[in-house]
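Following are the structures in question.
Next, two complexes with chain A in common: one pairs it with chain B, the other with chain C.
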Partner chain A sequence: MSGENFLFNVFALLTCGGAIAVVVSQTVVRMAFWLVISLGSTAALFFLANADFVGAAQLLIYVGGTLVLLVFGVMLTASGPYMKIGTSAGETVVAGLVGLLFLFVVLSSVSGVKWREPVVVSAENVATGAVGNTLRPLGLSFLGARPDLSVSEPDQDLVDDFHSITKRGLRPDLSVSEPDQDRRTGYLLPFEIVSIHLLVVLIGASYLARAKRRAEPVDQAA
Partner chain B sequence: MAADLNAYLLVGAVLFVCGVICMATKRNGIGVLMGVELVLNGANVNFVAFSRYTDLGLDGQVFSLFVIVLAAAEAAVALAIALNFYNNHLTIDVDRANKLKG
Partner chain C sequence: MMFAAQSIAQFLGSLGGWEYVIAAVIHAVLLVHVFALSPFAFIWLERKVSGRIQDRLGPTRVGGLFGWLQSLADGIKLVQKEDLCPSAADSMLFRSAPYVVCVASFAAFMVLPFSHGWVAVAADCGLFIILAILSLEVFGIIMAGYSSGSKWSLFGGMREAAQMVSYEIPLAICALVPVVAAGSLNLGEIGGMQRGWFGYWFIFHDPFTFIAFFVYFVVATASCKRAPFDLAEAESELVGGFHTEYSGMRWSYFFMGEYASMFAVCGIASILFLGGWNTGIGPLDDALYAARNAGADGTGSAALGYLANVLGAFVFVSKASFGVFVQVWLRWTLPRLRIDQVMTTCLKYLLPISCFLFLGAIFWPLVMVTAVGQTTWTSNPLGHLVAEEVRANQIQRAAGSVGASGSAAIEKEAVR
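== the complex of A and B ==
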């Protein structure tokens, strides 16, 4: 067993075990702890899949940001650190059965698909997602360029580049005769949209969560 | 198990199913949020695996970055809603949110 396979097995087991422990555990603080384990191991899986920037972003944003936000939510809403809002035994049994059936359906449908041949990692496709060092290609694609689609002959004009790409099999299903500009554009507009969206969402969230009057305890009996 | 496309898809499927079950069974509002995070992570694992093992290029990684950002935004809004719910009901139990029931 090679080192990559060994590390993949370790982190895949940690990811799946953490996710199952999130479902099984009863107190919300333990759920948050197992979620940290699962999300951190997912970041390690991203590193193993040569997605270094996505793995770093996963660690920074999920484990460092979203989980801290969730733990703050737990602190602000729980009456005690080990508050339990449990489910009944019948619900647990039904949920386990439905979960196993659902997992079986998903796995059987996934394994029934004939995926395309895996990309061979070589110096030719060094800027695609199959090889690591994705920081510069990702940044360029967020700025509107696509360096991963025109890596081997960067100095030729668009037509020759397009034909070389189709000949090499990167985009084998393109049958148009002239270079398709839309296929080469990056993600500048979605990047701007998602940044404005994040700003609006955070302003709206802080507006929603502002301090207001608290409800009377009479409300609990209703 | 060798680290290939099907192995990554298996991990993504387990994450997705765990998230769905967590969303369906937890009565704590924060627990439901954690289920949503698990589902989005399963989708991210699939995106990155397809970006690594097929000829997708960088598109999968770009999409997983968008998913991460949208998950952060969703967690912020949902926590604001949960805090409001707690302020109004003094509990976080989602079964108590029955005021709109006819």
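== the complex of A and C ==
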């Protein structure tokens, strides 16, 4: 067993073990702790797969953000010393059924992939795989430029634009030729929509959680 | 001499897969020593500086001159103490919380480069990873506060959670300001770009990075829960805050984590703003750079390249340690804020300021282009690259090969 395989097995075990411990444990903050183990090991799996960005995002968003907020919420709202969640028999049965169904879906999709077949080496795979620097294209495609798509024939209009602008030192995107016009928008729009959605959720949450004052009786004499 | 090889694994040669294991162990041992020795030195520094500021001498007895072994004596004392766990505590969480703090601040050193190429894991988005890892430390503090089963600890933990969740935002935004100037998240690349006179350091890149450095430093001090932002401990009101119930080694793990993460955030500051391992003296930096490269590709003396890297690491550690010294200095100079003042400082002042700085840093190159025709007032590093590209394009356009120059520029861009 190679070192990478060994590490994969360790982190995969930690991920699954942590997930099971989340389900089994009764105290909310202990669940959060096991979730940290599970999600942290998932991040480690991403690091093992050379997906540094995704791994770091996993750590920052789920462990550093969501879980801290979760524990913070428990500390603010708990009445007793350690908040516990008890599950009734009916809940256990329903949750078990849903979990088994989900497991079935996951297993069927896993078995649907032909793992043993060699990866098809296309020009596209080589281009991103050989350079290894996937972060810059990712950032560019968030902004709408897709350097990973066609770079063969720059559009003449765009090239002229480019030279009129480069006189002033700006660098426009001319990575996409005319046939790729429909793919030009990149991921900026979905990204923005998601962030606005989050903003709406935040405002809604603070509206719901605000201190509710009684309406003052306004000027009863009148 | 092992760093003279490009990597330890290469230096060891093929040992049937074991060379990677040995290299990993060597890296880990080196990093553990950084992690263990920096608190050792900084706790001594804290005692001496606080002593001087309060018109005392600080430790003088242990180890003779300046009492430099005081930290070791403290450590031996702490090891001997009983490992207590209060009966009201959630013992599993209570016992594991110090390790979470320790592991988080220790792991940050994995991606922190100490000199040109001297980094355990050279990651493409190193800054993002290090910020992500440092944000895990707060979870250990909150766990400790919650699981102690004591009101003091709970208050400390809650304050820490509120403070950290708020201060992480301006911390990340301020770290982005020099990233806008550098165009890279790779800490090694960012450090390398600032070679040359100290005018090329990103703190002097534009007015926004200059202000961002000071905002970053304030926010970083707060994120290490150092005074005047140490509301999580606040010994005058909360006994010991989140660590009230801890004793012995578990207690000291929190402080090892705290001092190590102080060093880590100051190290990030020195790479992002203060030129990293570059000395700031142009000719000297160029000579060191040449020596490193010659040592690495075998055209020059490997020992000389190694020495250049040692000097670089020394410069880096000095810069970061000076940052830690300033944090200690602040702690013993300023009074502690109240929790509402801490939150106001962050949400009403530091957050808008950092957003403004980020916007300003984005617009700065555009303003400079219209005003003086290049994107920075220095010629290095980004302005230099863009100017070169524009010049190359003009030459190629004059030669009449428009289409080829365009695609070549893109390919260059994609590769870079």
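The criterion applied here is as follows: the second predicted complex is superposed on the first by the 129 of 222 C-alpha atoms of A that agree within 3 Å, B and C clash if a C-alpha of one lies under 4 Å from a C-alpha of the other, contacts with A are read in each partner's own complex, and residues count from 1 in each chain.
By definition in this document, a residue touches a chain if its C-beta (ideal position, glycine included) is under 8 Å from a C-beta of that chain, and two chains touch if they have at least 3 such contacts.
Computed from a predicted model, the values in this text were never measured in an experiment.
By the document's definition of touching, of the two partners only chain B reaches A:9; chain C does not.
Of the two partner chains placed by superposition, chain B and chain C are both touched by A:76. By the touch criterion defined above, A:68 lies against chain C but remains apart from chain B after alignment on the C-alpha atoms of chain A. Judged by the touch definition given at the top, the superposed model places A:208 against chain B, while chain C stays out of reach.
Contacts of A:85 after superposition: chain B is touched, whereas chain C is not reached. Using the contact criterion defined above for the overlaid structures, shared-chain residue A:108 touches neither chain B nor chain C, since it reaches no partner. Between chain B and chain C, the partner in contact with more residues of chain A is B.
After overlaying the two complexes on the shared chain, residue contacts for A:57 are found with chain B and with chain C alike.
Shared contact residues of chain A with chain B and chain C: 53, 57, 65, 69, 72, 74, 76, 134, 137, 148, 169-171.
Of all residues in chain B, those touching chain A in their complex are 1-11, 13-22, 24-31, 33-35, 37-38, 41, 44-45, 48-49, 51-62, 64-66, 68-73, 75-77, 79-84, 86-93. Looking at the complex, you find that chain C touches chain A at residues 17, 20-21, 88, 90, 92-93, 96, 100, 123-125, 128-129, 131-133, 135-136, 138-139, 142-143, 145-147, 149, 154, 157-158, 161-162, 164-165, 168, 185, 366, 369-370, 373-375, 386-387, 389-390, 393-394, 397, 402-403, 406-407, 410-411, 413-416. Contact residues of chain A toward chain B in the complex are 4-5, 8-9, 12, 15-16, 19-20, 22-23, 28, 31-32, 35, 38-39, 42, 45-46, 48-51, 53-54, 57-58, 61-62, 65-66, 69-70, 72-74, 76-78, 85-87, 91-92, 95-96, 98-99, 102-103, 106-107, 110-111, 115-116, 118-119, 128-130, 134, 137-138, 141-142, 146, 148-149, 169-172, 187, 190, 194, 197-198, 201-202, 204-206, 208-209, 212, 214-215, 217, 219-220. Chain contact summary for the complex, chain A toward chain C: residues 2-3, 27, 29-30, 33, 36, 40, 52-53, 55-57, 59-60, 63-65, 67-69, 71-72, 74-76, 81-82, 131-137, 147-148, 151-154, 156, 159, 162-163, 166-171, 174-175.
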